[in-house]
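Below are the structure tokens for one structure; questions will follow.
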Amino acid sequence: MIYEISAGDTAWVLISAALVLLMTPGLAFFYGGMVRAKGVLNMLMMSFVTMGTVGVLWILYGYSMAFGNSLGGLVGNPFEFAGLNGLMSEDAIVGTIPTLAFVGFQACFAIIAVALVSGAIADRATFGGWVLFTVLWATLVYFPAAHWVFAFDGTTAEHGGFIANTIGAIDFAGGTAIHINAGAAALALALVVGRRVEFGSRPMRPHNMTLVMLGAALLWFGWFGFNAGSALGANTTAAVAWINTLAATAAAMCAWLVVERLRDGHPTSLGAASGIVAGLVGITPAAGSVSPLGALLIGVLAGVACAYAVGLKNALGYDDSLDVVGVHLVGGLVGTLAIGFLADPASPAGVAGLLYGGGPDQLWAQFLGAAAVLVYSFVATLAIGLAIHKTLGFRVSKKDELSGVDLSEHSEVGYDLSAVYYSALGGAGVRRTLLLDASDLPESELAKGASK
Amino acid sequence: MIYEISAGDTAWVLISAALVLLMTPGLAFFYGGMVRAKGVLNMLMMSFVTMGTVGVLWILYGYSMAFGNSLGGLVGNPFEFAGLNGLMSEDAIVGTIPTLAFVGFQACFAIIAVALVSGAIADRATFGGWVLFTVLWATLVYFPAAHWVFAFDGTTAEHGGFIANTIGAIDFAGGTAIHINAGAAALALALVVGRRVEFGSRPMRPHNMTLVMLGAALLWFGWFGFNAGSALGANTTAAVAWINTLAATAAAMCAWLVVERLRDGHPTSLGAASGIVAGLVGITPAAGSVSPLGALLIGVLAGVACAYAVGLKNALGYDDSLDVVGVHLVGGLVGTLAIGFLADPASPAGVAGLLYGGGPDQLWAQFLGAAAVLVYSFVATLAIGLAIHKTLGFRVSKKDELSGVDLSEHSEVGYDLSAVYYSALGGAGVRRTLLLDASDLPESELAKGASK
Amino acid sequence: MIYEISAGDTAWVLISAALVLLMTPGLAFFYGGMVRAKGVLNMLMMSFVTMGTVGVLWILYGYSMAFGNSLGGLVGNPFEFAGLNGLMSEDAIVGTIPTLAFVGFQACFAIIAVALVSGAIADRATFGGWVLFTVLWATLVYFPAAHWVFAFDGTTAEHGGFIANTIGAIDFAGGTAIHINAGAAALALALVVGRRVEFGSRPMRPHNMTLVMLGAALLWFGWFGFNAGSALGANTTAAVAWINTLAATAAAMCAWLVVERLRDGHPTSLGAASGIVAGLVGITPAAGSVSPLGALLIGVLAGVACAYAVGLKNALGYDDSLDVVGVHLVGGLVGTLAIGFLADPASPAGVAGLLYGGGPDQLWAQFLGAAAVLVYSFVATLAIGLAIHKTLGFRVSKKDELSGVDLSEHSEVGYDLSAVYYSALGGAGVRRTLLLDASDLPESELAKGASK
Amino acid sequence: MKLVTAVIQPDSLEDVQRALVKYGVKGMTVSEASGYARQRGHKEVYRGETFMIDFILKVKLEILCEDSEAEPVVSIITASARTGEVGDGKVWVTPVESVVRVRTGEVGVAAI
Amino acid sequence: MKLVTAVIQPDSLEDVQRALVKYGVKGMTVSEASGYARQRGHKEVYRGETFMIDFILKVKLEILCEDSEAEPVVSIITASARTGEVGDGKVWVTPVESVVRVRTGEVGVAAI
Amino acid sequence: MKLVTAVIQPDSLEDVQRALVKYGVKGMTVSEASGYARQRGHKEVYRGETFMIDFILKVKLEILCEDSEAEPVVSIITASARTGEVGDGKVWVTPVESVVRVRTGEVGVAAI
């Protein structure tokens, strides 16, 4: 499958890759605004550091594990493209674009898949534990799952992953590989790390809703690259995916707001932001296989389902702090299974769902693909999480949690808007500390006076 | 007019569409930073919800009303492309791009046109009223106006709108259809909804200028898609529009700052942000028909005119809270009329304005087009606004306005930067409320003691 | 070198240009979050106003000075393309893109190069002085330096600059022209303007780390346009530059965090943000001439070097407030010189560095190019800075500095999150001031009573 | 000397300030506070979870004055801060033993 | 009448509030403050520079009450705000000469 | 016991803190406040509209001390907070009837 490079397709994939990279900071702000002020930096850092660790791993061996020649449909050969060896050549092409454009595009998928999980363990995880988790989870869970779903036989290697090729599930841009995967992992990790000390007893409202809205906006913007970029070219498929990404998201936002209006009395901005993300997640697997009207419907389903699903954690008592399960696992399942019903033969995928007269095969394939990823991810994440918890430790002390993970894990605070200085320059360096410690001082005149 | 799809042109329009979508959150932040902290979420929500409602409408019938076959030059046939029926086909092409790419690009125009209006009624409108307004105004005002201005005969349908085809006014990217339109509507709506309680008596300074600057930055960034994307291809026209979008905006920012320096003593960051938007609005209609020097001039004119125009509301006493009239109506008029003078025959439009030896015809066409949209928009918006005001109600109670629309309309607050909990978990759900109401308690020991 | 326009290449350069424009606001937020709350707007304004002034200059004569026919390899003929005259024609082409696309892309380079310098003089410079500086420095330092490095013989004019053509240094996207240049200027300007009053005695921690992270995110996002866009087409070179921009940045972030973990005890979010920028700066000159593994190595080197270099200012006592020297000068030198060692003959540049068996020539060329820009920039900036300081004045009064440059230079404050009004509407305009001045009032009853 | 402390509605600050200045009060110190009392707080909802915010934003005014001025100052505040709604707040008077003006070192009534 | 002032740990506010309301206290005014004393502050690091933050966030409570209530109120606060860690804070009582309820103009004990 | 309250310029806080600690004061509570008095506020301009900000940011210090310490504490604050500019603020002393240390329940001078 070697064609010539198309500058137009390459331009589209390169900019899409940059858009997908921007999604991870977008996610960081979306998550970061939702925690309390004392944990905002840690929340941001969990996403940002993932861009560092997974970015490096992807180049070293991640791309190769995902898209190298398949070892039995389960994982790509990690040595084949280790260090992206040989891919700078003009001949290295995937479809109509340079291989490295594809590598970059998929790199950003790997990054955000891992970052998504962090929402489950807000405000209480050790930063070291999380960093190790990004390395292990990317290697043991995401890179294989990406292989299963995204590596088609013959596209980047002779043989690809079993979900794409054997089961034949449709996952246009990663509903299974990314959202169900991250959602299942989030549930496992929330169980391993345990509830926040104040969960259920103290109110923990978002500290900065403008940050949440900014995150939602960047996510939506970037998601056009995620979905429409997955066409790997600037063509009709991309345009369909683009429109569906607009349609489902708009519908899901409206749906979530309607649920809130009816259930809680008022539509909220957090609801709008959450609805946006739910819609984006829902349409991700389906962006190339449904019509715009189908996308509207998926949006409504995802919006309503997720709006209710975020309440599960309170009912069941697990502390998935920022609702990764409620939004990504549930939204991903809605979208993945909806394909079985709503796939439109007139769409680029050309498959007919049950409502378009197709048989139950596609629905069954969708179910199998989703279940495979869900189960594997949950089990493997439990194992990885427990391993980290038992060795390095995955949870800060109660005292640190109460005073805030920003201080304990990063020695920083998010905001200092006051014009008053409450601090003094210190350090063992060249500067003299100005910090006064009363007990270091000689007996004071005051004390002398008082003892008289 | 069926050509082949160009991947390059498609890539440019798809990314431009995403850029234009990002403008609406950009606008939300620009507006949101300008209101007081107690209304920031409502301000954001007015823009965000428009992405939901108008996004859905566009797919259902909006695109068809704007670009369906013309009913007498006034509106497109709403049934022709209802639900974007049939547009997923590889044959559905507009110029050199898939029709759905064009649909997506124009969808974002519709969204932002409606969102722009919200600046006029900051801090006092019912959210339900606004949501209904987005539906009615998009349907009755924007979709027709888009048809008049953007639907050229033969491009998407056999016959198009009267301003584009009969009057022959030049509106490259929506100076009339969007900015004059939204500006006139803003004036009408400000009159309908009335002044804020504290207008003219209490200071209402922006609560977060960094948010305003962020909004201005995202607007400028997105506007390259808005203007240069309107070439519907990656070509010289797009490059000219790109450069003009840089030139006019840079010049307008400088001009606004100079006015402030001379008039008020200091150039301000709000001035810079406002100048950016004024320049962008000014060049919007003209981006394809003037030279870079012409664009600089339009920027200066728009910057100076708008810097003075924002004072009008105080002089005349209407409360167009965030100066939609002063910036979008005035800036849109400056740009639209300037074409009559500054159109450069060497530009892609190839028309000569008065200063380049052309006749007064183009100026007259520009005037007619602008006047048509202005008058229609003002009158129709008055009607729509009054209808909502009399039925659903468009204005919150004075008490709610004073305590803030974020609370009354969304049950949320924008920021909670304190480390102190002032609240208690409650709700009718599984959780016991911790809220203590003294009057619910049995007669206290204290009271007993005191009565002794 | 006249080819046909490629829509794909044009799309890529147009969007890259927009990405690079976004970098300047990104920088503004990165810098703005780092200063104290009382100076955030001034910090933002120094970047924003540069988009105004340099944007206008570029169109008037900047492009011509950089890319006009060379006057002895030192500067382009400023009159050749003054006002971008004649460049709207379909025949005006650079490589495979319209000349105006190239003009726009390079415009944004000029803007950010100037804006970078502002970090050195945070919180104490007169705004007027800075505005004048942007004009003089762009004209006398940046436009010539861009000519030296970016103007290749025959690309836009018959003859180009001496670093590109005579010395033959490799500077893919501006490591010398922009980062070393701005870094050297920052050092000079920090010396001219002098230390902040509170430097070394009062703690000056970042006031809003979420803003810093937002800035870093936008910079990284935009930098894909900066680096990969410098291929001036959507091709393998662009893809290589894209991947290297990911690799080096990811590695530099990790490296900076490791340094912090080992040296200071905790990895910080400011460290992550700084590492991102250090990696981006480091890979800028080398993005097209090293392999992904080479990029990882450059990232590590830049991350470590800059993490230590930011401490220099305390040791040496100059107040480069936001570490432009430590990050941009040092990072730029690391990347520029690393090419001499790590240039990979398999990369698009096709040059072999010392580690790939190449001779020392390239390293020598790199050194010469860097030294030329560094020395010229430092000396010229000293002269410009002193000239402004002696005439207009470059420094606010101590009182203004302590109460904050936002107030003294812009009459504004960044945030007003309180629900309490501490102010009264005033002004010489139509509105009566509500400000009460006790001394303006007639002798009060109280005073009367008291004197009794 | 006396210290008059008032906890009032934020929206009343301007009226109180005007009235006091008009009366001849030359200085005051203001800070933000939150009150819990008869006036009920409000409800917020995030992702379906309800939060009750018990404490309501108030403004706290402190005014140093001569003994004889305390009573009129209290009445002026009471009159100009009254909206008649629950939550209008309290004004109270405490004794002050000495006052110094930092700038000059003046003490007592001269320091006010 | 008395004014009971307490400076306590922010995390104790809710417990104190509950205990006071249960006891019968009908109102209180809360504000944020920073304390410097035995409890050590924390360290922050920005680009390798170390900052010591001396002052620690505290909550300040003010409760107007009858003379007879002052003592029980103090003990309730002391009991419910105690964590046993350095930094738990202080409670003190000052005399109040008069109190007015703004809304009604009621004075003295009726105004509390 | 006494409560010394000082309203000073924010920039003076560090000097005052140092001086007090050097003298032997072991604790203090600080909060932010805004002052209106002789010192004039500043002007802000937004889109051509002028706003006068009457209130100026101040820092409020509260120090509990023994009767005998009140006077020296006042003088130390006065001396170290003085810049000589209008707006330097006030220091005042009020009587305190009792003090309790929350952590231990110690009362009186031992609680300070």
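Order of writing sets the chain letters: A, B, C, D, E and F. Residues in each chain are counted from 1.
Definition applied: a residue touches a chain if its C-beta (ideal position, glycine included) is under 8 Å from a C-beta of that chain, and two chains touch if they have at least 3 such contacts.
Given the structure is predicted, the values throughout are model-derived calculations rather than measurements.
Under the contact definition stated at the top, the chains bordering both subunit A and subunit F are B, C, D, E.
Listed by label, the chains touching subunit C and subunit F alike are A, B, D, E. The interface with the greater number of C-beta contacts, when B-F is set against A-E, is A-E. Subunit D and subunit F have centres, each the mean of its CA atoms, that are 18 Å apart.
Averaging C-alpha coordinates per chain places the centre of subunit B 49 Å away from that of subunit E. Within subunit B, contacts with two or more other chains are made by residues 6-9, 11-12, 15, 202-203, 205-206, 208, 214, 234, 264-266, 268, 270, 311, 314, 411-413, 415, 417-419, 421-425, 429, 434, 436, 438.
Residue positions of subunit F touching 2 or more other chains: 11, 14, 17, 26, 30-32, 34, 44-46, 49-51, 54-55, 94-95. Viewed as a network of touching protein chains, the structure reduces to a complete graph with every chain in contact with every other. Residues 203, 205-206, 260, 263-266, 268, 270-271, 274, 307, 310-311, 314, 323 of subunit B are the ones that touch subunit F when the two sit in their complex. Listing the residues of subunit D that touch subunit F in their complex gives 1, 3, 17, 26-31, 62, 64, 94-103, 105, 111-112. Per the touch definition, subunit C reaches subunit B in the complex via residues 5-12, 14-15, 17-18, 21-22, 25, 28-29, 32, 40-41, 44-45, 48-49, 51-56, 59-60, 83-84, 86-90, 92, 97-101, 103-104, 107, 127, 208, 211, 214, 234, 409-419, 421, 423-425, 429-431, 434.
Of all residues in subunit A, those touching subunit F in their complex are 418-422, 424, 434, 436, 438, 441, 444-447, 449-450. The touching residues of subunit E, counted against subunit F in their complex, run 2, 6-8, 31-38, 54-55, 58, 60, 70, 74, 77-78, 81-95.
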